[in-house]
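Shared between the two complexes below is chain A, which has chain B as its partner in the first and chain C in the second.
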Partner chain A sequence: MRQDFVLLFIIAPLFLAVGTALLGRTVKQLGFMLSCACGLILCFCSFMVFGLLQKTPAHIFIYKVGGHLPPFGIALVFDGLSSFMLILVNFISLLVALYSFRYMDRYTDKWKFYCLFMFMLAGMNGLIISGDLFTLYVFLEVASVAGYALVAFGTEAEDLEAAFKYAVMGVVASIFILLGIALLYSYTSTLNMADMAFVLATKPQGALVAFVSVLFLAGFGLKSAMVPFHAWLPDAHPSAPAPISALLSGVFIKTLGVYALARVFFNVLGVSQKALFIMMFLGTVSMVVGAVLAISQRDIKRMLAYSSISQVGYIIFALGLGTPLGILGALFHLFNHAISKTMLFLNSGAIEYSTDTRNMEKLGGLNSRLPVTGSTSFIGGLSISGVPPLGGFWSKLIIILAAVQAGHFIFALIAVLVSIVTLGYYLKFQRFVFLGKLNLGLSKIRGIPLSMTIPVVILAAISIVSVLLLMPFAGHFLDSACNALIAGNLYKDSFWSAIIW
Partner chain B sequence: MKNNEIGMSLIVKTITRLTIGLILIYGIYISMFSSAHPGGGFAGGVIIALSFIHIMLAFGKGIALKKLTGKIIVSLMSISALLIICLAVPNFIGKDLREGIPVSDIAISLMVGMGLFLAFMALALMTPHRGQS
Partner chain C sequence: MVIYMLCFVLFCIGLYGVLRKRNIIKIIIGIGIMEYAVNLFLIVLGYRVRGRAPIFSSDQQVLNMVDPLPQAVVLTTIVISLATTLLLAAIAIRIYEKYKTFDITKIKRLRG
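What follows is the complex of A and B.
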C-alpha cells in the first residue's frame, strides 16, 4: 500500500504558495484558484487518511519520511486525533478560501494574501501530523509567522499595532516552547514523541518534567489565548481580514494551542493531577473573563474574539477534567466551536462588506436586507451559547455532565452560568445588528455575492446536524480521536507496534 | 556625473563600478562549484548579496533597487523555493537523489542572497526621518 500521498499535506500548500508568489502578480485570480484547489485536494486527502485509519488494526499509522526509522528519522503520525483535526482544518480552509474570492476585493495585492494563507495551512497541517517534537515546533513557527503577516494585512495603523503585539507575544510563547523542547531533549536524548514518552516512563520524574510542563502550558496557552495570556487575541482578530479572523479563531488557536497542548500533555509528558487542575482552573478563568469582557463590546469582531477566549476556556476546562467523557466533550466542543465561530466571523465580514462598518450601534434592522446573514448568525450564536437542537448544546451538555460526574459541582455551575451570559451577548448582537428598524444612517447596503453566502450556509447546516456525530452510525470520527487522548501513555506502545506492523 | 549628490565619493563609485561584476561572478562560482570545492550555497549567496549591497552603499538605495527590483527578488526567491521543494520530494519518498546537491546549492545561494539583500534594504528604507524620535 502506497502511503506517499500523505506528504501532500505539507508539500501541496507549500508548493502552491510559492507558485502563487511566482506567478500571482501576472495571472489574476491564480491565488484564488490555487488555494481552492489546495483546499479540495487536502480535504480529499484527509478523508482518505480517515478511511485508511479505519482499515488499520490499531487506528494508527506511521509514515517514515525518507524511509529512515523513527527515533532517528522524522515520523509523520496519523491517529484518530490527527485525522479529526486534519478534516476540520482542511474543510474550514476550503470554505474560507471560497469565501475570500469576493471579500478580498477590498484589498490590494490579493496574491500575497493567498500565498500567506497557504503557508499558514501548511504550518497547521504539518503541526498536526508531525510525530516529532521539534518538527512540531518548526511548523508552529511557519504557521505563526504567516499569522503575524496576515494580521497586519490591512497595513492600517491599528493593524500594524495588533500584529506587532501578536508577534511579540507569539515569539515569547515560541521561546517558552523551544526552551521546553531543549530541556526535554537534554533529559531524554530524543526528539521523537513516542520515544520521549518511553524514556520518560523509565526515568524518575523529577522537578524537570514539572518545569517543562509549566513552560509548555505557558507557551501553548499563549498560542491558544487562555486568560492570563489572552491579550493579543482581541486586537489581532478585528484587524485581520475576515477570512483570516475566521481561520484564526476557528482552527488556528485550536491547532497551535489546544491540539499541541493535548498532544504533549496527554501523550508525551503524561498527565498529572496538578497539571490537570491547572488546566481546569485556567479554563474556568478564561470562560468567565472572556464572557464578561464580551458583553460590553461595540465592535462585532472584538465581541466574537472575546467569545473565542471564553469558548476555548470551555475546551481547556473539559480537557482538564481528564475523564473520557470530559475529553469527548472537549473535542466535540472544539468541533462545534470551530464550525460556529468560523460562520460568525465570515458573517461579520459580510456585514462589513455590505455596510462598511463593524460598529453595532451604527447598524440595525439588517434582517430585511441580508436575510441569509441574519439567520445564519442567529444559528451560530445559539449554537455557541448552547440552545438545544444545535451542536453547541450537546457538547456543552457533555462537558457539564463530565464535570458533575467528576465531582466538580462548582465548576459545572460556573459553566452553566457562563453559557447563559454567552446567550445574553449573542442576543444583544442579534438585536443591535439584525432586528429592529433599519438604521437610516447607513447610506448604502450592498448585496452579498453568492460566493460569500454558500460557505456560511454549509457551516450553518453542519452546526444543525452535528449532533449526528455522537450517534453510533457516524463511525469512529469522534471516538478514535478521544481514544488517542484517553490512551495517554499507551501512545508510545501503539506507535512502536505500528512501526513493526 | 549625474549621481554626484547621493552616495559616496567619486573614488568609491569608480572602484565599485569596477569590482561589483567580479564579486558577483565570484559568488556565482562559489555557489555553483561548492559540491566539489570549498564553499557552499550559503557562502555563495552571501557574496552575491554583497555585490548588490556594494551598489547600495556606494550609489544609494534608489540605484540598487533599480538594478534589482522587488519583482525580480520575489521571482528569484520563489524559483529557488520551488527548486528546493522539488528536490525535497524524492528524498521524502525515500529515493536518494545525490545529483540534486549542486542544484540545491544554487537554490540556497539565490535564497540567501536575495534574503540578505532584502534585510539590508529593509534596514535602509525603514530609517526614521530626522526630527522624529
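What follows is the complex of A and C.
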C-alpha cells in the first residue's frame, strides 16, 4: 500500500531512540547522526502527507493499523490540521537537532539526550496523528515523560526542583485527562474520536459531558500552561538545555496543549458557548499575566518562558472566539510563535554558550561580537510583539480583527495593549543584551559555531516571509488546517466517508 | 453506583495527598493512589455480574461477558504509571542528595 510510509512517524523515532540507547555509549556522535536522519526522514514524510492530502477529495485520509476497520482497530487520521502540525513539529525538530550538535558539548552523556529527544518526537508525532482518544493519551504520556526527564537533564539542584514540579503537575494533568477519557468511554462505549462524536451527537448532552469538558480543560490547560495552571512553565523551560527549551516552548506545549484541546473540543465534544467563553477568558488572563510577569525578569530564558505563556494565551483566546477568522488567526499565530520562540530560545542558548551567563544585567553590547545572534533576536522579538511586516504582526492583526468582528471590543483592546507591553520587554531584552557598550565583566566571549547559527538564520528568514502563507498560492497549508477545526462536528462524517473511500 | 462513588473518593484522597502533603515521597504516593483510582474505575466500568471472558468458540454461546477493552486500557496505563512513578522516585532521590531534605517547602531555590 502506498500509504504505509505514515507509520514511520511513530516507528522511525522509536527505533532510532532504542538504537541510540543500545549503541550510543560506544559509538560517538551516533545520537546526533540518528536524530538528524530521523528529522530529515520525518520532514520529508510530513511533506509527502501534505501532498497526498491535496490529492484526496475531502482532504482527509485514514490509515488503518493492521487493516482492522475503525472503530475496532486503531486508526491514524491525517487531515489538514494534522499535516499542518506535522510539518511544523518535524521541521523545528530537525533544526533543533542540528543546533544541539555543538551546544550539547557542555553536557556529558550526550546519547541520553538524543535518545530522550527522539522519544519526545515520537510522542508528539503519535499524538498528532492518533485517531482515538486512548492512543492520544498514550503518546501524550510518552512525550511528557521524555519531557520531564529532559528538564532534569542538567541534574543541578534547580533543574531537579523544576523537573519535580513539572512532573507532578504534568502527571496530575494526565490523570485528569485519563479520567475524562474513562468517563466518556462509559457514556459512549467507544474510544474512536469520530465514533465518539457520532454517539455524542445522538445522545443528550448531560452534566457528564460538562464535567468531562472541565477535566479536559484542566488537563490540557495544564499541559499548555494557561494561567491558573502555569506555575511549572517558568521553572521548567529555563532549566532544560537550550535546544529542549526551544522545542518545549516552540512546539511541545502547542502539540500537547493547544492541538489536543482544539481537537477534542472542536471535533469530538462539539463546542458550546460556555466552553468557548471559558477558553476566551482564560486566554485573555494568560496574555495579561504572562506579559506583566515577563517585564521584571532578569534571566533571559525565564523572560522568554513568561512570554510563551502570554503568546499561548493569544492562541487560546483566538480559538475561543470560535469564528473562522479567529481560528485562522489562532493557527497562524501558533505557526509564527513556534518559529520565533524557537529562534529566541536557540539564541539564548547561543548567548549562554559564548558568555556562560543568562543574566541580562551582566551582559551588554554583544552586538559587536555576535552580530548574527543579535540581529536574529531582534527579528524574533519584533515578530512576537507584532511589528509589521514580520509574521507575528499579521497573525495578531487577524486575531484582533476577529475579536472586533465577533463584537468583543474590550478583549480586542486588551490584546492590543498586551502587544505593546510585549514590544516593551523585548526591546528591554535587546537593550540590555545586545546594545550599548560591551560589559567589561565578561572575561571571554566565545564565537558561535556555524551549526548553531544556520538553524537560527533559517528560522529568521521564515519569520520574515511567513506572511506568504496567507497568499492564495500557499493558501492550502493554513486553510485546510482551519477547515478541519471549523468543520467541528462534521469531522465524524468526513472520517466515515474517508474510510469508505 | 456506590462503587463508582468509592472510586471517586479514592481519587480525591490521592488528589488531597498531592496538594496538601509536604513530603515529596507522600506526594508520589498520592499520585499512585490517583492512578489506582482511575484504573479501578475503568475495570469496574467493564465488569458484568457473573460475566465471563469474551473468547469466541463455536460450541457455546457467550451471553454475559465482561468488556475486554477497559482491561487492555488498564494494562497500558499501569505500564505508563510505572514509568512516571519511577521517574518521579529517581528525581526525588537526586533531590534528596542535593537538598538533604524531602520537605517541599524547603526546596525552593527557584523563585518568581
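Heads up, the rule we're going with is that the second predicted complex is superposed on the first by the 499 of 501 C-alpha atoms of A that agree within 3 Å, B and C clash if a C-alpha of one lies under 4 Å from a C-alpha of the other, contacts with A are read in each partner's own complex, and residues count from 1 in each chain.
Everything below uses one rule, namely that a contact is a pair of C-beta atoms (placed from the backbone, for glycine too) under 8 Å apart; a residue touches a chain by one contact, two chains touch by 3 or more.
What you see is a predicted model, and the numbers here were worked out from it, not measured in a lab.
By the document's definition of touching, of the two partners only chain B reaches A:7; chain C does not. Once the two complexes are overlaid on the shared chain, A:66 sits against chain B while remaining clear of chain C.
Once the two complexes are overlaid on the shared chain, A:134 sits against chain C while remaining clear of chain B.
When the two structures are aligned on the shared chain, A:22 is found in touch with chain B, with no touch to chain C. More chain A residues lie in contact with C than with the other chain of the pair chain B and chain C. The interface of chain A with chain B does not overlap its interface with chain C at any residue. For chain A in complex with chain B, the residues that touch the partner chain are 4, 7, 11, 14-15, 18-19, 21-22, 25, 65-67. Only residues 71, 74-75, 77-79, 81-82, 85, 88-89, 91-94 of chain B touch chain A when the two sit together in their complex. Listed in rising order, the residues of chain C touching chain A in the complex are 11, 15, 18, 24, 27, 31, 34-35, 38, 41-42, 45, 69-70, 73, 76-77, 80, 83-84, 87-88, 91-92, 94-95, 98-99, 107-110, 112. Only residues 134, 138, 141, 145, 148-149, 152, 155-158, 160-164, 167-168, 171-172, 174-175, 178-179, 182, 185-186, 191, 234-235, 293, 296-297, 302 of chain A touch chain C when the two sit together in their complex.
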